[in-house]
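Before anything else, here is the set of structures, which you'll find just below.
After this come two complexes, each holding chain A, first together with chain B and then together with chain C.
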Partner chain A sequence: MGLFNYTPADRATGRTVQIHRFRMLTGDRVFRLLSVASLVLIWQIIAGLRLLELPSPVETCRVFVDLIVNGDPLYNKTLPQIVWASLLIVIKACMLSFIVAVPLGVLMGAVEKLRRYFDSTIEMIRPIPPLAWIPLAYVLFANTGSPTEYVQIFVVFIGALFPVLLNTIHGISMVNRIHIEAARTMGASPRQVLLRVMLPGALPAIFSGIRVGFGVGWMCIVAAEFVGGKLGIGYYIWSSYSIGGRTAEIISGMVAIGIVGSLINRIILSAEKRLVPWR
Partner chain B sequence: MALILRDVTQQFGETTIFQGLDLKVEQGCFCCIVGPSGCGKSTLLRIVAGLYAPAGGQVLLEDRPITLEDGEVGFVFQEDALFPWYTVEENIRFALRARKIDTSLWKDIIEHNLEKVGLAEYRKYYPKQLSGGMKQRVAIARVLAYNPKLLLMDEPFAALDSINRNMLQADLINLWEKERKTILFVTHNIDEAVFLAEKIVIMGCRPGRIKQVVELNLPRPRNRTDAEFCRSRRRILEMIESQTPAIPNIGRV
Partner chain C sequence: MVKKLLAAVLIIMFSAVVFFGCSGNTGKEENNGSRNQDQERLVYLTQTPPPNMLEQLKAGEIDGFIAWEPFNSTAVNNGDGKYLFTSREVWPEHPCCVLAVSDSFKDEQTVEAVTWAHIRAIRFINEAKNRDKVLEYASAFTGKDEEVVKKSLENITYVEYPAKDKFMEYYSSLVEGKLLKNTVETIGFEDSENFFASFLREDIYKKVSGELDKDAGWKPAGIKGNASLSLGYLAADLHQLALFVAEKEGYYEQVGLITGQNLETKMFSNGVAVMEAFKAADIDIAYVGGAPATLKRINDNIPIKVVAGANNEGSGLVVRSDGEIKTLADLEGRTIAVPGVGTVQYTLLDKALREQGLRPVIK
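Coming up: the complex of A and B.
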């Protein structure tokens, strides 16, 4: 049983492999940065030659930093504050959709009858783009205190719901049959099979659903804020456009959207690593 | 007090998997079922476990039908059936919880059973950190933990290399000699059957049926290179080959 006793020779090979990998990584990083550099260069050329009405990369960068540090005097808010308003809605709505989608998905994946019952409804609603719900949502939530917030939460909720639901159903149905049989031969109750076998077995799939769901939700909020409201990053870039002559602010807002989107992705990935340590 | 199969039959739709199986395995007997793939060995084992109901006939353990709830049966699968999301220790805990065993006993049971299979220091490891042989040892410890009377083993060593397989066979015999549980062990490896079994059940195909039951009284410890061992091996092999249908029959269901 010497599986874990590495010899010095093994360790030596391990080290050479690591050094090699390190070199590859640094080389790879430079290569990746090259792609960003060429994008900025093309942007600089277009802006410099006035091919398009674009602020130069340097000018945009200056505005971006200024928006983060000093904020926008027209809105009396810094860029992080503006982004946070949108993010808050997305977090609320996504939590709501996970609370609905994960249990529903687990039940639908586990109980064939439930799946057949819900299947046609879901397939009818799923192809409707979340943004197409906005007008109806404004009608539905017209009598609430703050219709805009409800509409935005609703739209993000719809957007995040289906990726999580479908991934959960898929994850449950892909749970290894042997694991379920093993649990049953050990005398596990249906509840134990569901919570201690099917749910953990489906957890990796559920997590990728949550990641996609958050991503879709983040896209939905930007669009939903174009249409109404006085808050958030979508509202900020759309109103900057309406005012006119604020291209650098618009691009800064877009960059902020991109950064936050990829941060969300990374945070969920690292949460997944912690909660799914057996992978 | 024994495991008794009485006229057990299984069908999936129109296809008969096996028909009219009668078998008696005495308390404490190590019984191997050998036969070509497709004769329903695995299905039979799952019926004995209570996972499926047979289309006809009865399975009795100590004159009572077997159910999943009563905890008399431990099943060891061919595939890696450990839960990858649980550590070795948590895998055993799952079985203890499912069997409603008093939590105050868990710690001792886990330690004791991991020692039995020689993996006491691997309590905190995840299955992915273990080799194939170690995983099957844990799987055995997991079912031994709730002390079933009957062990059902569905080609548990088939995926292992031959050195590991021989080691696990020897260890399983040691365990069995100490605890004298009734074991029903499915394999298509004749060498394995002759090394392990006191009783070998030879199954035939299409439809599956029991062709022959051989009592094997070789002394233990058995040695694979003994003349007597080889003679038994050849005898069993000849019996099995005489069961295999001639080529024109292949494909006829």
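Coming up: the complex of A and C.
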């Protein structure tokens, strides 16, 4: 794996860059907080002047904390429980789509003929919004015993599939030809070329595909739950809206979606950093 | 080092999320455990629009559902379900759909004209000699075949005005269930009595029905010259048949409202959407469920008044037809779909289950 070894000089520059960034952090952090603070301020002004019928940031914060600690008496569940129910479906569906998309993407990236075979089909299906699949999915999974859960998994699956697939294809086809040729000249078998050269080379792209895929999946579940079923975060927001007068609960739900979404993003990023050090 | 630290923090955060989820679950199980000791028996609820309920019942995902006609009769008619109760049996004369007018719509003459057309239609529906024609209209309005609507119509009572005490019963169930975020006091009323005196506006209905009782051929002045009206209703909701009948029997035309000219009918998929349209001043008068009307009137302070009733009753609990569920007590541990928390169907189910010592929980 000499190709991906860092020289001592590289490491040194990497370090200096990091130290430099660390020093920047204090100024940077203030600047970042400023953005949040101004958002809250605008919100406070709008709510305070009753320009829109919004609960104040403080009130929303109180409801948010209350939902996490005590839960919603109407549903007898806490916000983390509600979010977890949705997250579980997203995790299941995304795993499924990664299992399908990564091998397929690697094959399509590596074998030109396969790629041309699948290309037109994928390009036709890809622009269909995942949510447009819901009615058809209900018909398809009508006999499965619990169509609602399958429909939700399916919708998230569709949403997460294409970012991963396209990124994998792209990553594989962007692997430096010279590296492949070099490995071949040195007597590597096709299997070795695939596993030792192409896959490591494409891994950064696959990871960003997974990151985007998870993000899209997380968005899809919220919308898919609007159709109904078991209690999840999308369901919770929609139900709060139907009852009315529960804007603070709606915003709390949205904040929870945002927090979990960015958390997922960061977890995958850090996993990527550890698993793909050569990036 | 910084990277590793960051990774460690993130992993801890992730496990915290996982832990929260898991500990939450175990917490629930513990609760269930202690409740079992108190002999508390649970029924699980899911929430979904009625068309989905039919599919879910067929697939076996739910053991039953509570919805309004014609969905109940549809499930019974195609063999997937049977009635466990109709809403008449659980809560006689409970309010359902009403005719409501926005407070910002000041054209009293038009309100009177529409109320007149509505009451004529209700009387037409209730007249025994019109039976066949009503069936035909009901079938055309809902797109269901006559056998289904025939069964449906048996469960619906078409009324001219809902009972105030039943409305207040529904209101107290909302208060008990903690569904109200606002109180009647915060939206400017002294108490609930005062609120309902304003919310259920009976004067127009009383005048119109009084005149019609004296002389069946009585007609109001009709609309003013260039007045126009935007009228909302729910898609294929058999409870709101009066709208279709008034249109087909020409009652709107008789008071000068002509569809496509000065009468615009707007179709909605649920009561919440109708209430939002009221808020946006998109409609002036609408047929809407009494439940979303009351909930949104109070919670979102959307100013409307009920000028007439459309129907009482007309909902029911349908369970799988495999014969396993024979009584309400058999619902223990089963999953029932409701159209939404705070709907009149939810209130009905809640009432029926509690009378049996069962407790509904959201799944």
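Simple rule for what comes next: the second predicted complex is superposed on the first by the 256 of 279 C-alpha atoms of A that agree within 3 Å, B and C clash if a C-alpha of one lies under 4 Å from a C-alpha of the other, contacts with A are read in each partner's own complex, and residues count from 1 in each chain.
One rule holds for everything that comes next: a contact is a pair of C-beta atoms (placed from the backbone, for glycine too) under 8 Å apart; a residue touches a chain by one contact, two chains touch by 3 or more.
Keep in mind the model is a prediction, meaning the values are calculated, not measured.
J.: Just chain B (first), just chain C (second), both, or neither: which does A:Gly261 touch?
T.: After superposing on A, A:Gly261 lies clear of both chain B and chain C.
J.: For A:Gly187, select first, second, both or neither according to whether it touches chain B, chain C, the two together, or no partner.
T.: First partner only, chain B.
J.: Looking at A:Ala142, would you say it contacts chain B, chain C, both, or neither? Reply first, second, both or neither.
T.: It touches chain C, and chain B stays clear.
J.: Comparing chain B against chain C, which has contacts with more of the residues in chain A?
T.: Counted on chain A, the partner with more touching residues turns out to be C.
J.: Looking at the overlay, does A:Lys273 come into contact with chain B only (first), chain C only (second), both, or neither?
T.: After superposition on chain A, A:Lys273 lies in contact with chain C alone.
J.: Is A:Val227 contacted by the first partner chain B, the second partner chain C, both or neither?
T.: A:Val227: touches chain C, not chain B.
J.: Which residues form the common part of the chain A surface touched by chain B and by chain C?
T.: On chain A, no residue contacts both chain B in one structure and chain C in the other.
J.: Mind listing the chain C positions that touch chain A in their complex?
T.: It is residues 2-3, 6-7, 10-11, 13-14, 17, 20-22, 24-25, 28, 46-49, 52, 55-56, 58-61, 177-182, 270, 272, 275, 292, 295-296, 298-300, 337, 340-342, 361-363 of chain C that touch chain A.
J.: Chain A touches which residues of chain B in the complex?
T.: Per the stated touch rule, the residues are 46, 49-51, 68-69, 71, 73-75, 77, 79-81, 83-86, 94-95, 97-100, 118, 126-128, 130-131, 134, 142-143, 146, 152.
J.: Which stretch or stretches of chain A touch chain C in the complex?
T.: On the chain A side, the touching residues are 18, 22, 53, 73-78, 80-81, 83-84, 87-88, 138, 141-148, 227-231, 235, 239, 241-246, 260, 263, 266-267, 270, 273-274.
J.: Chain B touches which residues of chain A in the complex?
T.: Interface residues on chain A, with respect to chain B: 1, 3, 176, 178-179, 181-189, 192, 196-197, 200-201, 203, 276-279.
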